[in-house]
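We call the chains A, B and C, going by the order they appear; numbering starts again at 1 in every chain.
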Amino acid sequence: MNGLPLNLRLRRAMLIALLLGLWAPVKIVWEQQIAREQDNLRYHGLVMNRQMRDELGQGLTIGILSGMRSVVADFIWLEVTTAWENQEWFRMGGLVNLCTSLQPRAPVFWDMGGWQLAWNASVGAERDVTQPNELRRLKAARFWIDKGLDVYKRGIENNPEYWRLWSDTGLLYQQRLKDYKNAAYYYQRASELPNAPVYLERFPAIMYGLAGDDQGAYEAWRALWEKLTPAQREMKEHWKEKIESNIRRLEQKLSVPKEKRVFPN
Amino acid sequence: METSTVAAPPLAVETIGLTKRYPLTWKRKVLVALDGLNLQVKQGEVFGLLGPNGSGKSTTLKLLLGLIVATEGEARVFGLPPESLEARRRVGFLPENPYFYAFLNGDETLRFYGKLCGVTGDKLDKRIEELIDLVGLQNGRERPLRSYSKGMLQRIGLAQALIHDPDLLFLDEPTAGVDPLGSAQIRDLILKLKKMGKTVVFSSHLLEQVQEVADRVAIFSLGKKVLEGSLESLLTENQSTQVLIPAEMNPEQQERLRKFIGQTGVNESEIRFTRPHLSLEQLYLRTVQAQPDFVSKDSPRP
Amino acid sequence: MISSLHRILIIARNTLTEAVRQKVLNVLLIFGLVLICSSVTVSQLATPDIDAAGLFSEQIKFVKDFGCGAIGLFGFFIALLSTALLIPQELDKRTIYTILAKPVRRAEFLLGKFVGVVLLLALSVALMSLAFAATLYWQESVGLAAVEANYAQMDLKHTPTAQSMHDHDAAQIIKQVRDPQLVEAVLLIFAKIVMTAAIGLLISTFATSWIFTIITTFMIYLIGHGESLARTFWLSHGAETTIWQSGLIGLIALLIPDMNSFTIVDEILAGNRVPWHDVLNLLCYANVYVIVLLAVSVVIFDYREI
């Protein structure tokens, strides 16, 4: 029990009030400054809404509130893998959305989520023997491809600097949708980003070739050749021989006048 | 009246109207733990605070250490305010039912408190040796305190209180819960301290233990000091005289002695012959210590 | 001054010794270490397919999230228990009497205790970080082995495309694992738990039971994650609400530390670049906050009757 005399109690209260009173304004201003700084860097991507809270349940919500967001998202992600193994595509789609909303700045969720939907779910739908006919199967497959594409594109909106989302979108256009023009565009964007692997630079030209657009392909190869410095051309990963042979082939095929050719002889 | 400007050596302890009240919030009442205590302890004295449980002894000691703040009145230790570091440099304290860090051994405990008081290096090593010797804890040096007996805890507590060689010691119930043998050892220790010139203020609710050591005592009841004085003056029955004869006497010898004393003018019929009783404690100590293979539980085996 | 510092350090060392010899905290630490190391097995539950799996980025993200999560969680528990148990224990068992009866100021005692707890937390975080690094290294070698195996199976393995794909994949795995930003993450986590310890210390200077200290500190920690919401609301809508509402929200905004800003650790884990400048700003904020909390604790403790 406290037998402290009243005057000392008052003095103590005043000292505490003084300390906190001096600190509080500094604290608020400082915290606002930190928040602005983090906003500028596009952090704090998460806004919890009621729907999300319902989906998470109480335990996981507390986990998130106490700063364990990424661990919570990872646990939900494990469920995505389980749903995939059980071929529960709609559940998987919902879980992918939950993960990406929890951590919109974690590219791996967009990347893997898009892949799960556009490839695994759509291939699953194609092979779904419970569907009455082929047309329905193809429609269902297309539905999942579009879902996956949507995930990729929203992922790109949130993480435009992450090359892999661009190149995976390109891959989807190329291999599942046979839309080589779009594939070329996305590969092109991917190849221009930091950390992108070198081989991507050749993909747009190859896509034009696959689309049967010789003119486009020629321009793309040529642009690539001209972009490379002489020193770069000698590096193995830029595969000079491949670029050169394609340009020569297309210059021949398109009968480009000699004075305009890269390789006149 | 003394008019000299040279101050007399300050009292070891002085309190003026020292009062501590605790508000009992739920009853809108006030508990008076200590009520207007005036006390003076001279340097070199052994002073006993006596009184039943709850009479304000511990409260007095805590006020003298600055652990709690007085509601009214003032306390001085060597003329200094009790909470000042200077005062506490000259004071050692053994709390009631002391408890130390159970995970340290005896040596580590003394080392910790010594360093806290600024004793270091060789000086600390030497001091620890001295104190271990003084309190007789040779076998407790390497043992963790969690394995200590009550008596050993009191003794390490005493050693800890003495580590910085203070001039004044406050001991709160130093013998409470300790067996008679341990009690006796602690009493001997207090006497040794007195011989070293230390001032000792201790509290106890066991009156017997006070007898042999205190120069003066104050008796407390319900927060008030009700009696104070030297043990001599308080305990002597001035109306009688005792003569001790260390031999058995038969009735005939007793008769002759009575006559002989009667010649001095004392009324013969009022003279009584009895045999002195040993206190149970003395009997216990004598018996235990007379055992040929006796070794104190706390001292090293040969 | 020097002797004051000396006494603080003696009490700090004693506190650390006590904590290290205490079973609860050791068990917690061992749990943390086991959890971090076991994150590799959890990470194996994720999609195992290397072709599509974004080069183990899932697994690596798992190990990183779990590692940092475990350091944060167990550091938090250790901070909470060590402040809530160690100081009330001094009062309960009255060891504090023997210390405060010596020429030791109360502020020195309290700061010594806190420094001891911080040393304990630093030790725990360092040990867990070591386990974390080892686990990450293990995950890296698994990833690299898989890349090699994948390459061995590849058709056209000698074309420059295949070769550069292989090199790039390996480099990506190494880059994700050996992310120097993880140092930022661990520092921020450490700052956050030291703040928690300071809050716990403040509460325990006036609390009468350690359960109260633990519950209150935990509540403040949780509310701290919503402080930024309270602050923005109070600054923008303060006038539109009733006095009671704005008073309560204002109190949260003015007194409770902003724990949510430390969730930029999430961004670091997601692989986003967080400049050192921002991290240092946050560390400074935590530091100053701890000093204020300590100052208030010292005032309360100085007047406490024991």
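Convention: a residue touches a chain if its C-beta (ideal position, glycine included) is under 8 Å from a C-beta of that chain, and two chains touch if they have at least 3 such contacts.
Keep in mind that this is a model prediction, so the values were computed, not measured.
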- Task: Check every other chain and keep only those touching both subunit A and subunit B; list them.
- Result: C
- Identify the chain pair with more contacting C-beta pairs: B-C or A-C. A-C
- If you average the Cα atoms of subunit A and of subunit B to get two centres, how far apart are those centres in Å? 79
- subunit B to subunit C, mean C-alpha position gap in Å, rounds to 51
- When the C-alpha atoms of subunit A and subunit C are each averaged to a single point, how far apart are the two points in Å? 29
- Set of subunit B residues in contact with two or more other chains: 68-69
- What parts of subunit A, by residue number, touch at least two of the other chains? 2-4, 8
- For subunit C, what residues touch not just one other chain but two or more? 305
- Task: Quick one: which bits of subunit A touch subunit B in the complex? Just the residue numbers, please.
- Result: 1-5, 8
- Can you name the residues of subunit B that touch subunit C in the complex? 65, 67-69, 85, 88-89, 91-93, 95-101, 103-104, 112-113, 115-118, 157, 160-161, 164, 170
- Tell me, which parts of subunit A touch subunit C in their complex? 2-4, 8-9, 11-12, 15-16, 19-20, 23-24, 27-28, 30-35, 37-38, 41, 43-44, 62, 65-71, 73-74, 77-78, 81, 84, 103, 105-108, 111-112, 115, 119, 164, 195, 197-199, 202, 236-239, 242
- Task: Name, in rising order, each residue of subunit B that touches subunit A in their complex.
- Result: 20-25, 33, 68-71
- Message: Can you tell me which positions in subunit C touch subunit B when the two form their complex?
- Response: 3, 6-7, 10-11, 14, 17-18, 21-22, 93-95, 97-105, 305-306
